[in-house]
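Quick heads-up: structures coming right below.
Next, two complexes with chain A in common: one pairs it with chain B, the other with chain C.
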Partner chain A sequence: MEKSDVRSLYLLAAFLVCAYSLPFLIGIQFGTVRADEQWFAYLATVVFAGILQGGVYAMFAVGLTLIFGVMRIINAAHGEMVMMGAYLTWVAFFYLGVDPLLALVFTLPIAFLLGVALQKVLLNAVVGQPELTALLVTFGLGLTMIYVAELIFTTDFRTIPYAPQTVQVTRTIAVGQNKLISFVMAVSISAAVYLFLKFSRLGKAIRATALNAEVAMVCGINVQRIYLVTTGIAVALAVAGGALVSIQFGFNPETGVVYTLQAFAIVILGGRGHYVGALIGGLMLAVLENLVSLMIPNGTAAVELAAYGLMIFVLLIRPGGLMGVKEA
Partner chain B sequence: MATHEHVRNVLLLAALAVVLAVLPPALSVYLKSFVMFTMMYVVLALSWNIISGFTGYTSFGHVAFYGIGAYTCAVLVADHGWHWISTLVVAAALAVVVAVAIGYPVLRLKGPYFAIAMLGTAEGTRVVVTVWDSLTHGGLGISFPSVENSLETYYAMLVVMLMTILVAYIVGHSRFGIRLNAIREDEGAAEVLGINATAYKLAAFALSAMFPAVAGGIQAYKVLYIDPPSVFFVQITIAMALMSMLGGKGTVIGPVVGAVLLYSAQELTWVNFPTAHLIAYGLFIIVIARFMPRGLIGFAIDRGWVRKGMVH
Partner chain C sequence: MPLLELRGVSAGYGSIQILHDVSLQVNAGEIVSVIGPNGAGKSTTFKVIMGFITYLGGEIVFDGSSLVGERPDRILARGLAYVPQGRVVFSQMTVRENLEMGAYLERDRAKIAAAMDYVFSIFPRLAERARQLAGSMSGGEQQMLAMGRGLMMRPRMMMLDEPSLGLSPRLVDEVFDKTVAMAQSGLTVMLVEQNAARALEVSQRAYVLELGRNRYEGTGPELLANPEVRTMYLGGGVRV
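Presenting the complex of A and B:
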């Protein structure tokens, strides 16, 4: 590693220490931090729940980082794709009576095909264009998706009652069964995609294209096909994320926007295009968010600030993120 | 450009000013506010164009300055009893200060990173305004004392729009503007030629932040009620970018044409198709960005309808 690289890593570490201690300091100020056993039990529960939530965040952020890494396109409609996944699951659950996890068996192929179609119709044209074009195209897509969803499903909040029992993990930590199931699913899907990228021929070709599309082309990789597969996988990951979100939280057509920004923050924190970085970033963001909501009164607005703050400061301190991805 | 062409353009602008100045008595209340909001979008699109069109740094969070202006005006008028016109000066100054403070670190980022950082800045500003309720009344928003103001705000917006057009025109035809273009085309090469890119980018950013803040202040006074979601609305940024792109970003006339066309189209679809207009808007964004990234002017130049050097 170069010297400046090491220095920015130290700076980033220092910033993260500050970011994680800030909720505690504010909590002490407001008296929401109590150093008794009951409070430490809360804290442990919250951190644990954050890690579980982070697994799901990481999974849909990986979709964003894949598109960004391979095509240098910022997909501003990623959160809306998560939202679409949530609604697909909801329809399957309430109208067809299908178990939310079983529903993935047919929602994922649908999502993959939608991704391929999206790439063919819209995104192929914006690869290599200035970033504004891709941002506007995907933002327009996101808006269209939101309003179509409002037309079909109205703006009411929906929830899917699924595995609502609480599980006693240790003596002090208890979390919802749905959260545990989501985490396990998210980790297995992320691991499957990781293994696919790492070891399969197609996965290697995707990574090669991300590294350098021209050289990949010279090596006989059909870059156009790689783009199709990449967007397909990314949309499928977002939809899978939506399914796992839908069994834990309420959602309406507008919730997607928040997921887009969280995914941005995670991708930046991890290092753009970096798979493992996105996984670590997801866990870190979710834990920070949960700490903020535990300790800062009037927390919902402050929780959002966690994502924006992380994103901006990481960009300024170390644009390559935790993994120090170099600009290609 | 030859001197007589400048004279012609300034005369055209003066003619526009006169027409818009004598128009209000002939307009209904609805049309008056329609023209005012059209002028507001001209201001927003032209300002955005100074940093993003001329300099090539895509500001995806420019609504932050608009919101700051709106809140400056609202807080000073509603809570401190200022006259609303004087708050606009404070709004402009505050926007410049914020732009320099944010721009100094953030303008070091390039391409998509700058765009994302600005998006985060705008959303972050919205959250800060929401949380800081001792100053801003938080999510409740701020109401103004109710007065009839459609004429004052109309003329205020007219003056601001003329100033914005004039400034954008001067920037577009000065050495300053040419240097901004040089930074857009190749920042490294521009620096090698002795252009202090950081200073130029900061100046362009501050300039492009100032007018939206004033427009935001006027708008707040016009509608008499603001809250964080309405004045830090992401779609206002999108509108600025889309209008500039529709007309032709990097030119002076482009964003003006784009703002007038897009705002009119939006208003027409909103009136005629109240449910479908948002979907239509989303699809419209996709179509413009996908098929016309160089805007109407690029379209016209490609077909030889106008000479390349003719429009600025």
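Presenting the complex of A and C:
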């Protein structure tokens, strides 16, 4: 590592320490921090819940980082794909009576095919174009998806009641069963995708294409096909994320915007195009968000602020993120 | 019949034409060099063969049938490998993974293992570094890896683009020695080089391109002895 690289890593670490202590300081100011046993139990619970939530965030952020890594396309419609996943699950649950997790068995292949179609119809046209072109195209796609969803489902908030019981994890920590299930699913799916990329022939070809598309072609890798598979997997990850989000939180057609920005923040924090970085970034962001919501009054706005503040400062301090990706 | 033949090939990037009626032949078993100054269209010749740039006319024939419009993976499958310039390896993958990628089109694990043994026999250092990340190796080793990767499909012919670019004199020697070793094991080699003197020494025949056109051709010794070629391309001694 070069000197400046090391320095920026220290700076980032110092910034993160500040970022994580800030909610505590504000909390002390507002008297929401009480050093009694009950409060520490709350604290342990929100950190634990943050980790659970982070697993789900990480999973759909990985989809964003995959598309960026392989094609240098910033997919601004990623959150809308998460939203689409939530609605697919909702339709399966309320109209077909299918269990939300069982529904993944057919929503994931559908998502994969939609991804392939999206690549063929839209994204192939912007591969190799300036990043702004791709960003604008996918931004337009996201808006289109929002309004289509509003036409079909209206702007009402939907929820899926699923596994509402509370699980006592330790004496002090209790979380919703749905959150635990979501975390386990997210970790399994992320691990499966990781192993696929690391060890399978096609997965290695995806990594090779991300590292150097021209050389991948020279190796006989059909790069066009790699693009199709990559977007297919990315959309499937987003839809899986949507399913897991839908059994925890309410959603409407505009919910996706928040998830897009969260995924951006995670990917920037971890390092663009970096798989493990996205996983770490997901956990870190969710824990921070939960700390903020515990300690800062008027939580929702502050939670959003924390996510985007984090994103902006990481970009300023260390644009490559935690994993220090060098700009090509 | 030559293994690879270009007849009157014109090509360019978009509307800018780089190659004008370039013709050349490579016979099976030969090492053939293409030399010339910067901008002569040397690397472009490889790129048009691979179909990476706009083809404007002429004929490209490999092993009796045309390569025009063929996909890169089909070209490799037909036995023509290409090693681009600039030590292009997959830096964040191990040496072994890089070689596996070279054999992406081969499904037979036994054949892949045999090809890897063959590559290791020519480049023993790659065997020592098999588990290392390619990006952490020296420039010379990365060039050897790129060449080794090109051998993984056991091609009949390899197109090497500036293999000595940016290497120390000792490593330049090693790269040329390895090129000769590959040729002796039956590989046909087409070589694009800035380092013209060195390239001509190892080549049976060579072509000199200038501004995208054929300028001279002949055997390596002929061109080395040609006074015009000497002053224009070899005057400064060995160029690195």
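For the reader, a short list of remarks on this structure follows.
Everything below uses one rule, namely that the second predicted complex is superposed on the first by the 328 of 328 C-alpha atoms of A that agree within 3 Å, B and C clash if a C-alpha of one lies under 4 Å from a C-alpha of the other, contacts with A are read in each partner's own complex, and residues count from 1 in each chain.
As a convention for this text, a contact is a pair of C-beta atoms (placed from the backbone, for glycine too) under 8 Å apart; a residue touches a chain by one contact, two chains touch by 3 or more.
Worth saying up front: this structure is predicted, and the values here are computed from it rather than measured.
Per the definitions stated earlier, placing chain B and chain C onto a shared chain A by superposition produces no clash, and the two fit side by side.
After overlaying the two complexes on the shared chain, residue contacts for A:L316 are found with chain B alone; chain C is out of touch. Touching more residues of chain A than its counterpart among chain B and chain C is B. Applying the stated contact rule after C-alpha superposition, one finds that A:C219 touches chain C and leaves chain B untouched.
Looking at the shared chain after the overlay, A:P161 reaches neither chain B nor chain C.
By the touch criterion defined above, A:R72 lies against chain B but remains apart from chain C after alignment on the C-alpha atoms of chain A. In the superposition on chain A, A:L132 makes contact with chain B only, while chain C stays out of contact range. Judged by the touch definition given at the top, the superposed model places A:G140 against chain B, while chain C stays out of reach.
Contact with chain C, but none with chain B, is seen for A:A208 once the two complexes are overlaid on the shared chain.
Here chain B and chain C sit at a least CA-CA distance of 13 Å once the structures share a frame through chain A.
Under the contact criterion defined above, no residue of chain A touches both chain B in one complex and chain C in the other. By the touch criterion given at the top, residues 50, 52, 71-73, 76-77, 81-84, 88-93, 97, 100-102, 104-105, 149-150, 153 of chain C touch chain A in their complex.
The touching residues of chain A, counted against chain C in their complex, run 201, 204-205, 207-208, 211-212, 214-222.
Touching chain B in their complex are the following residues of chain A: 68, 72, 74, 122, 125-126, 129-133, 135-137, 139-148, 150-151, 257, 261, 264-265, 268, 298, 301-302, 304-305, 307-309, 311-312, 315-316, 319, 327. Against chain A, the residues of chain B that register as touching in their complex are 52, 56, 58, 60, 105-106, 108-113, 115-117, 119-121, 123-124, 127-128, 130-131, 234-235, 238, 241-242, 245, 275, 278-279, 281-286, 288-290, 293.
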